[in-house]
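Starting off with a structure, shown below.
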Amino acid sequence: MVAPPPKTPQAPESQQQLAIAYVAGAAVEELPGDLYIPPNALEVYLEAFEGPLDLLLYLIKRQNIDILEVDVAEITDQYMAYIELMQAGQFELAAEYMVMAAMLAEIKSRILLPRPETAEEEEADPRMQLIRRLLEYERYKLAAENLDDLPRLNRELRQARAGLPEIQRTIPEPVVELSDLLAAMAGALRQAELFEHHHVSLESISTEEKIGHLLRSLEKNRFVPLVSLLDPREGRLGVVVTFLAIMEMMRGAMVEIVQSDVFGPIHLRLAGKEPGKEESA
Amino acid sequence: MNPELKSIVEALLLAADRALSVDEIRSVFDEADRPERDELKQALAGIAADCEHRGVELREVASGYRLQIRQELAGWVNRLWEEKPPRYTRALLETLALIAYRQPATRGDIEEVRGVSVSTGIIRTLLDRDWIRISGHRETPGRPELFVTTRQFLDHFNLKSLSDLPPLSEINELPEALPEEA
Amino acid sequence: MNPELKSIVEALLLAADRALSVDEIRSVFDEADRPERDELKQALAGIAADCEHRGVELREVASGYRLQIRQELAGWVNRLWEEKPPRYTRALLETLALIAYRQPATRGDIEEVRGVSVSTGIIRTLLDRDWIRISGHRETPGRPELFVTTRQFLDHFNLKSLSDLPPLSEINELPEALPEEA
């Protein structure tokens, strides 16, 4: 087990600057001090986390705040910064990390967008599900630590055994029937099949790829309906990544978004400047 | 109390390499002089008392009674072995904890809480160690295997029953609404 | 005499499950509080005296001292084994089954299917029982040993030849009977 990453004394305000300064594809340059990890340590570093929930818990605990008080928008930014960092380090991320990224982006977008006033919609605060999951995971993370602290055989405890008396009948060999052997084979085979299933993992759609794709679909001076950019074949995850990509592009002032009427269709067009190029006056 | 009975029971406990149940101990006696359960329990209590100032203690775990080296002496005793006791990964311990507290639990149940897939290696290791077993299948699509912990698991962790597990922390009541984000 | 020393020595003798020499016992102590040989011998004498009315006795054998179950109690202790022959683990049975069906197979072959490493103990037990043998080495890096089943294996399971093993397709239909003590 790898020790948790060391906490660096960093004022919470500095984390506000996490509004990341990278553009799609470009090298990650500006990272807050407590986020910098030597590239060769990246692998070890990611292994310190047991998955996206664990990473989120770490990000929350680092700020010394209660899970219930978490600022989803901010934590999403921090989470994305890690993901970007890991991807910049050529580190192959488990699909789960991308799914969580998409989920966070979805929650964030729902918080940022004006909410309809209907009562039913009010009840489903998208943050609640995330918080519930975090609390539940934290509970079992703690339970696992407690379990590990219990004294156990061959660590703190040993079975006491004395030498056996001399005239000792030989201890019989265990009996094994053919059916036991076949049942064991059945178990091994079944497990092997299960193992193969698990090689099939979610094809992750990265935000960067999506941005590249969107840049190609959008044209300057022409508005494109948002709906036409969503590809149902990419599933829920794809839709969320598309939103995430659009939000990234908004932040980079790469797109303009227009909604002429309330609840009317949303249109996008490429902003006046090209990504990565200086704006010409 | 028959002092000889105490000696026999102690010898049995020190001969076996596992915990022995009261019935297992009784079964080694001829029917004619098989001790009553009460008598046997008294002998066990006598052994426990004798251990007071010794290097071993009598412990009741899930499968029965065993004499074990006192925990405080682990520092000295462990030096007899070159090999370090195995350390388990957090992934394994979290999986084990989920099965222990939620049993019966499927792989899906575990993955849902942990947010990552459970490796086959972990399940295998737990099955190999006889800490978990498959108790059946859940009647949902795919009929996933249901895992439960075993008595060997309790024995290994020095527990008599699942209720001796450290209590799971309470989840505080969630508020009706969360504060608005800035 | 330091009563704690006696406890530690007793713990060592009961944990080791073999005879320990005076020097071995001394070696587990930090140099600063390592007992002198005389002191240790006194502790051993104390343990021997304590055993007077117990199920074990302290014996000095060629390689050192050991706590041993009293000869008079051999009868009871032996019944313990009669009652319950030991059983093999699931890991061992699966390893044996995989060797039987995939022979010749290396440890790596078995590990690939099972998803966990195969312990040396399992291979040793199977070799000791003459159920498998090493037929050669695979000409790949590391030259791993190739295991095959033996005639004794066939005899034990009452098979005339390996072709009497049911085909894998049938096995896959079998329920997974798990060895778990009642």
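Per-chain numbering from 1; labels A, B and C assigned in written order.
Just so it is clear, contacts are C-beta pairs under 8 Å (C-beta built on N, C-alpha and C of every residue); 3 or more make two chains touch, one makes a residue touch a chain.
A quick note: this is a predicted structure, and the numbers were derived from the prediction, not measured.
Among the remaining chains, the Cα-based centre furthest from that of chain B is the centre of A. When every chain is represented by the mean of its C-alpha atoms, the one lying closest to the mean of all protein C-alpha atoms is B.
Put simply, the C-alpha centre of chain A and that of chain B have 34 angstrom between them.
Chain A and chain C have Cα centroids separated by 44 Å.
Taking each chain's centre as the average of its CA atoms, chain B and chain C sit 20 Å apart.
Among the residues of chain C, those touching two or more other chains are numbered 11, 14-15, 55-56, 67, 69-70, 73, 77, 90, 114-115, 176, 178. Residue numbers of chain A whose C-beta contacts span two or more other chains: 158, 160-162, 164, 191, 195. Those residues of chain B whose C-beta lies close enough to touch chain C in the complex are 3, 6-12, 14-16, 20, 24, 27-29, 50, 53-56, 67, 69-70, 73, 76-77, 79-80, 119-121, 124-125, 127-128, 130, 133-134, 150-151. Of all residues in chain A, only 158, 160-169, 171-192, 195 touch chain C in the complex they form. Of all residues in chain B, those touching chain A in their complex are 11, 13-15, 17-18, 56, 66-69, 71, 74, 77, 85, 87-91, 93-94, 96-98, 100-101, 113-117, 119-120, 123-124, 155-159, 165-166, 168-169, 171-172, 174-175, 177-179, 181-182. Of all residues in chain A, those touching chain B in their complex are 1, 50-54, 68-69, 71-73, 94, 96, 100, 111, 125, 127-128, 131-133, 135-137, 139-148, 150-162, 164, 191, 194-195, 198, 201.
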